[in-house]
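One chain, subunit A, appears in both complexes that follow, with subunit B as partner in the first and subunit C in the second.
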Partner chain A sequence: MKTVINEQNRRNFAAQVESMLHDKLAKCYQCGKCSAGCPVNFEMDYTPNQIIKMTELGMEDKVLSSKTIWLCVSCNTCSTRCPKGFEVTGIMDVLREIAEKKGIVSKVEKEVQMFHEVFLDNVKSNGRIFELELVGKYKLKTRHLFRDMFLAPKMLEKGKLKMHGEKIAGLNQIAKIFKDFE
Partner chain B sequence: MARIGVFVCWCGSNIAGTVDVEKVREEAAKIPGVVSALDYKYMCSDPGQNSLRNIIKEKNLTGIVLAACSPHMHENTFRKAAAKEGLNPYFVEIANIREQVSWVHEDKERATAKAVDLMKMMVEKVKRDRPIEDVRVPLNKKALVIGGGISGIQAALDIANGGVEVLLVEKEPSIGGRMIQLDETFPTLDCSSCIMTPKMVEANQHPNIKLYTYSEVEDISGYIGNFKIKIKKKARSVVEKDCTGCGECWNACPMHKNVKSEFNVNLSERTAIYVPFPQAVPLVPVLDRSVCLHYKKGGKCQKCFDACGPKCIDFSLQDEIIEETVGAIVASTGYDLMDTSMYGEYGYGKYKDVISGLQFERLLSASGPTEGVIKRPSDGKTPQTIVFVQCVGSRDPEKGVPYCSKVCCMYTAKHAKLFAHKVHGSQSYVFYIDIRSTSKGYEEFVRGTMEQDGAIYLRGRVSKIYEDEGKLIVKGADTLSGNQVEIAADMVVLATGVIPKKGSDKLAQMLGISYDKYGFFTESHPKLRPAESSTAGIFLAGMAQGPRDIPESVVSGSAAASKILGLFSKNEYEVEGTIANVNEATCVACFYCQRVCAYNAISKKEIKDRSGKLIKVVANVNPGLCTGCGACVNACFSKSIDVKGFMDDQIYAEIKALAV
Partner chain C sequence: MKLAYYPGCSLKGTSFEYEVSLLKILEVLNMEIKEIPDWNCCGASAAHSINHNLSVALPARNLAIAEKDGYESVLAPCAACSNRLKNADYELKNDDILKKKITDSLEMPYNAEMSINNMLEFLIGVVGKDKIKSMVKKPLSGIKVASYYGCLLVRPPKVMQFDDPENPVTMDELVALTGAEPVDYSFKTECCGAINSLSKPDVVMALTGNILYDIKKNGADLVVVACPLCHSNLDVRQREIERKYDEKLGLPVLFITELLGLSFGIDPKDLAIDGHMVAADRVLKKIKELTNQQ
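Up next is the complex of A and B:
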């Protein structure tokens, strides 16, 4: 697939990412150490280093609709090992944020995106995660009602699924964080 | 009657561990003519050498065989020891039973048998040794430097500062070479002409340097210490000693639009009478007779002559041939850029705004055609987007050359950097295959171009460049992200590969030095003798040897100079006596030997009788040039050539000793 580089668009996109990331895209060596160590790389359509290069080249559409940004589990292996100290995990966050704001729904990884939404809603209302509510809402949203059901007894046994949720004390502060972001 | 001494060395356990040294000694003692046989732990040690010397004295030896390590190690040691006892050093022979036996074999019995064989062969050889005298060649302590670029200038200055007279010959009207064409230099960004012109002036004013610009070496013969050279000083049509460099002549010249400036790489025009650039050394113009109207129209135009104050223009000046004798030569002829017109897909020569790296240097340079303002050649507009393409011609075995031109990565990074500094808000894209930035401060420099100056680097080659609505559309690939990319550029700069200077192969043939398949001069040894050519007395410097940057060129110039000063610190040059020897009585003058000699060591010699009548012509070996390689011996049909120390009868005796 050919990409025509439009200088102005490239600059705008790269500048937006850089200002949100507080890091420079040009820092990247393109050595690939991030991709080499990424535990979910096998499922990604572009490797993390490709995402960085494509962002630098202003390939906005490709990057924002990629599977990669939604598959990243933010484990930080890449950032920890990067020889240039580049915020690889950070760029995934930034790109997800831009995609979300632009309303670009990843066709392939719709469910991951939904999970993020449910997760944030959960945090917003409780200040922490209430697993049962999270699972329930996620299942309703994705309509995969019976998937992974056999995991429930195990989770119950280990005390990972509580019947009653708890709310944290400083909910107003959580609300402020969300408000600041919005 | 031969009185041979055989000395078998143990080399600790190096030899004795695998070879039964006592057996070798016993076998030696049985050979007729061997009057003494000894084995010792370390023959090269002082006690070992002393016992060798004592036995020479006691037994009055006529020849010595050392069954020991390689002659590369200690032949000289033992020769010196023998010479101290009055024995001709060439009566010492080495049977290499370490590198050729103990180190490469395991079976002790068979290794010992081989060691005995090698020892026997050398005993038979040494019986037939004749005394050989080393050859001494007188030295003319004057040096010739061919090529007045940075490496040549550095070599000339270093030699001259060492108190030796130097002739510096430059083909162009001014010295300075390629470096003076450059704008700023990586990685420090100091201005090239600011650091180069003082050196040029110093070379011009140095009492030990005689400068020949607009001159070429026409002929070279002779050998180390005694090179006879002919320099053709092309007619300048200007009397150098009277010229003040005022510029009245070139201002008056009517030919100011038609001739492309070589110095500005065709980006501007020059007059028929011209100095290539304002800082030229010497600042004396040259009249280009191929375009001058005076010569073309039968003497009608003489505007420069009329304008000249000191009346130093002389249309009748002729080429001059200067003959000199020098003792050593530095070949530093430099490089050219490849012709990239075979890359039709890049459109060099077709699109005005596709230019070479050297042309971009001239656009950047304050003394260049645009006075340092970056303007594109087609319409003079300042480009906002430039695409740089690396490896154009280099690393392309199909159309170009397979080697890396070494300087392009760095100068492209510099170009992108200077472009960002000079045109604010501009953007450069660099297509590369690999970035080679290995010297001090280079990697940081390239990273700076990317990280601070915002150049976008794309790993991949460009496939096609074409023009569309005033833009150059560059189709390339970014192999890192796996995308085909297309960039609309205002200008494209090709990092063109370097090749040896045109005509340097001819010069190499004249000098009798070897060059590789691309035409770069080859070193005597790529690692251990990098400043020497294959011919004694001829040294190499600069890009003529292969791609290198300015610091390396300076180092190589200084290296060549220090070799020459070292050579000249003695009055005579000593050559090993094992050189070819012609039997004049049997030589049939076919001169096959001359054709195979790689060192130009064989010439024709006329033998005349007392009345001066020519009797015959024979081959003659120049001891200063001969290396004793033996190629002529093999080529000789009439078996008239032998190499001293390796005569036929000796070789046959060795073979016979092995057969028995």
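Up next is the complex of A and C:
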């Protein structure tokens, strides 16, 4: 792997991550306990401890376009077990947020990213999640129209899929929250 | 004590059984909870995944409303909601700069003095074991129950401050109160794949399959959960998992509130147990036969 990194860029990236994370990358001594217990490690391109080291080394492009940051399910097993108390789950949130703000779309895991975006759009327009609309919009966006459709008839029969969503009265407050922080 | 209730989106939709059974057992226990007026979605995993400020601001609006209305305690039965509410509360307590930013945006103060409870904390801490035990009219002796905790009830421990993050026992204690036999197994706190259910179904089925087959191997009649997302993955995706791994499971997945309700002698229909995808008929029949013998 040939990666040439400008020292100033390396420092900037590491500092940006550390300030958003409220934690120090140097805490990690690469024991790999986080990666050993990670339930989705089998799907990742880089293990969580590799992601931490790569961030410290300023390998911004590789980290931000990795599968790992989107595959992480935030189960917090890693952070709970970390002998140094490093925010392993937290760094995944930070890296996803940086990727999202930079408009970097994960090539392989774009569906996870799209799901989060569609989810927040749904909160923005209703104040609450309207599940049927959420699933519909997600399917249109990913073009996986028929995946999971076989579940729908029985879910409808059981009353699990509500046909109407509710909008909250304080939608203007929700709009303000999104305006301030989006 | 005034008790606020934060239902969250799932309890009003795909996991309506959780709300129906919760309200039913509280009626029997003669306890009152009040829905936080005009509550909004906590932002769930999506918000903290791509926008940290939103992941604090969205739950904070609900907490600030509850606090303004004079509540001392909030019940969030959904494990994800309780996790996000506790997380927002923790950050607002520990980060003054963030707190100012959030309360300015909400245009509401927040003093972070309420206790926020997940379902299990509420049942053990607010309702109390003695009261629950006194309501058990039809002990479920002879039924083997596996408690599945998942991630969000116990992790991260510094924020959740609840039970043991690797080997929690609270739900097993509640199971024991009903007279049923708690089943020990290895995957109590392994992740089910959570929010990636729609975006990475294959990964979710692999993770959930591990959990369900281990429960089956250890001889449980049914599984209890206290999280709508765990329930969706374990229940809704179970048929597909059976097909994928070509091995029958047939494990009904009940909410802890439903199991308590059954031991209180409440009709399964009033607990919405027929709302699950995996039919609980065989277990319900077994419970009926066992309780008739008593």
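The criterion applied here is as follows: the second predicted complex is superposed on the first by the 162 of 182 C-alpha atoms of A that agree within 3 Å, B and C clash if a C-alpha of one lies under 4 Å from a C-alpha of the other, contacts with A are read in each partner's own complex, and residues count from 1 in each chain.
Keep in mind that, in the parts below, contacts are C-beta pairs under 8 Å (C-beta built on N, C-alpha and C of every residue); 3 or more make two chains touch, one makes a residue touch a chain.
Just so it is clear, the structure is predicted and the values come from calculations on it, not from any experiment.
Of the two partner chains, subunit B is the only one touched by A:Tyr46; subunit C is not. Within the superposed three-chain model, A:Met54 lies in touch with subunit B and out of touch with subunit C [touch as defined at top]. Judged by the touch definition given at the top, the superposed model places A:Met114 against subunit C, while subunit B stays out of reach. For subunit A, the partner touching the most residues, choosing from subunit B and subunit C, is C. By the touch criterion defined above, A:Glu7 lies against subunit B but remains apart from subunit C after alignment on the C-alpha atoms of chain A. Applying the stated contact rule after C-alpha superposition, one finds that A:Lys102 touches neither subunit B nor subunit C. Once chain A of one complex is fitted onto chain A of the other, the partner contacts of A:Ile177 are limited to subunit C, with no touch recorded for subunit B. In the superposed pair of complexes, A:Ala26 makes contact with subunit B only, with no contact to subunit C.
By the touch rule above, subunit A contacts subunit C in their complex via residues 20, 39-40, 43, 71, 73-77, 79-80, 89, 93-94, 96-97, 100, 111-117, 119-120, 122-123, 127-129, 131, 135, 138, 142, 147-148, 151, 154-155, 158-162, 166, 168-170, 173-174, 176-178, 180-182. Subunit C makes touch with subunit A in their complex at residues 9-10, 12-16, 38-41, 43-54, 57-58, 61, 105-107, 151, 155-157, 165-166, 189-191, 193-196, 198-201, 203, 207, 236, 274-277. For subunit A in complex with subunit B, the residues that touch the partner chain are 1-5, 7, 11, 24, 26-27, 30, 46, 49-50, 53-54, 56-57, 59, 62.
For subunit B in complex with subunit A, the residues that touch the partner chain are 384-385, 427, 429, 450-451, 454, 456, 458-459, 478, 480-488.
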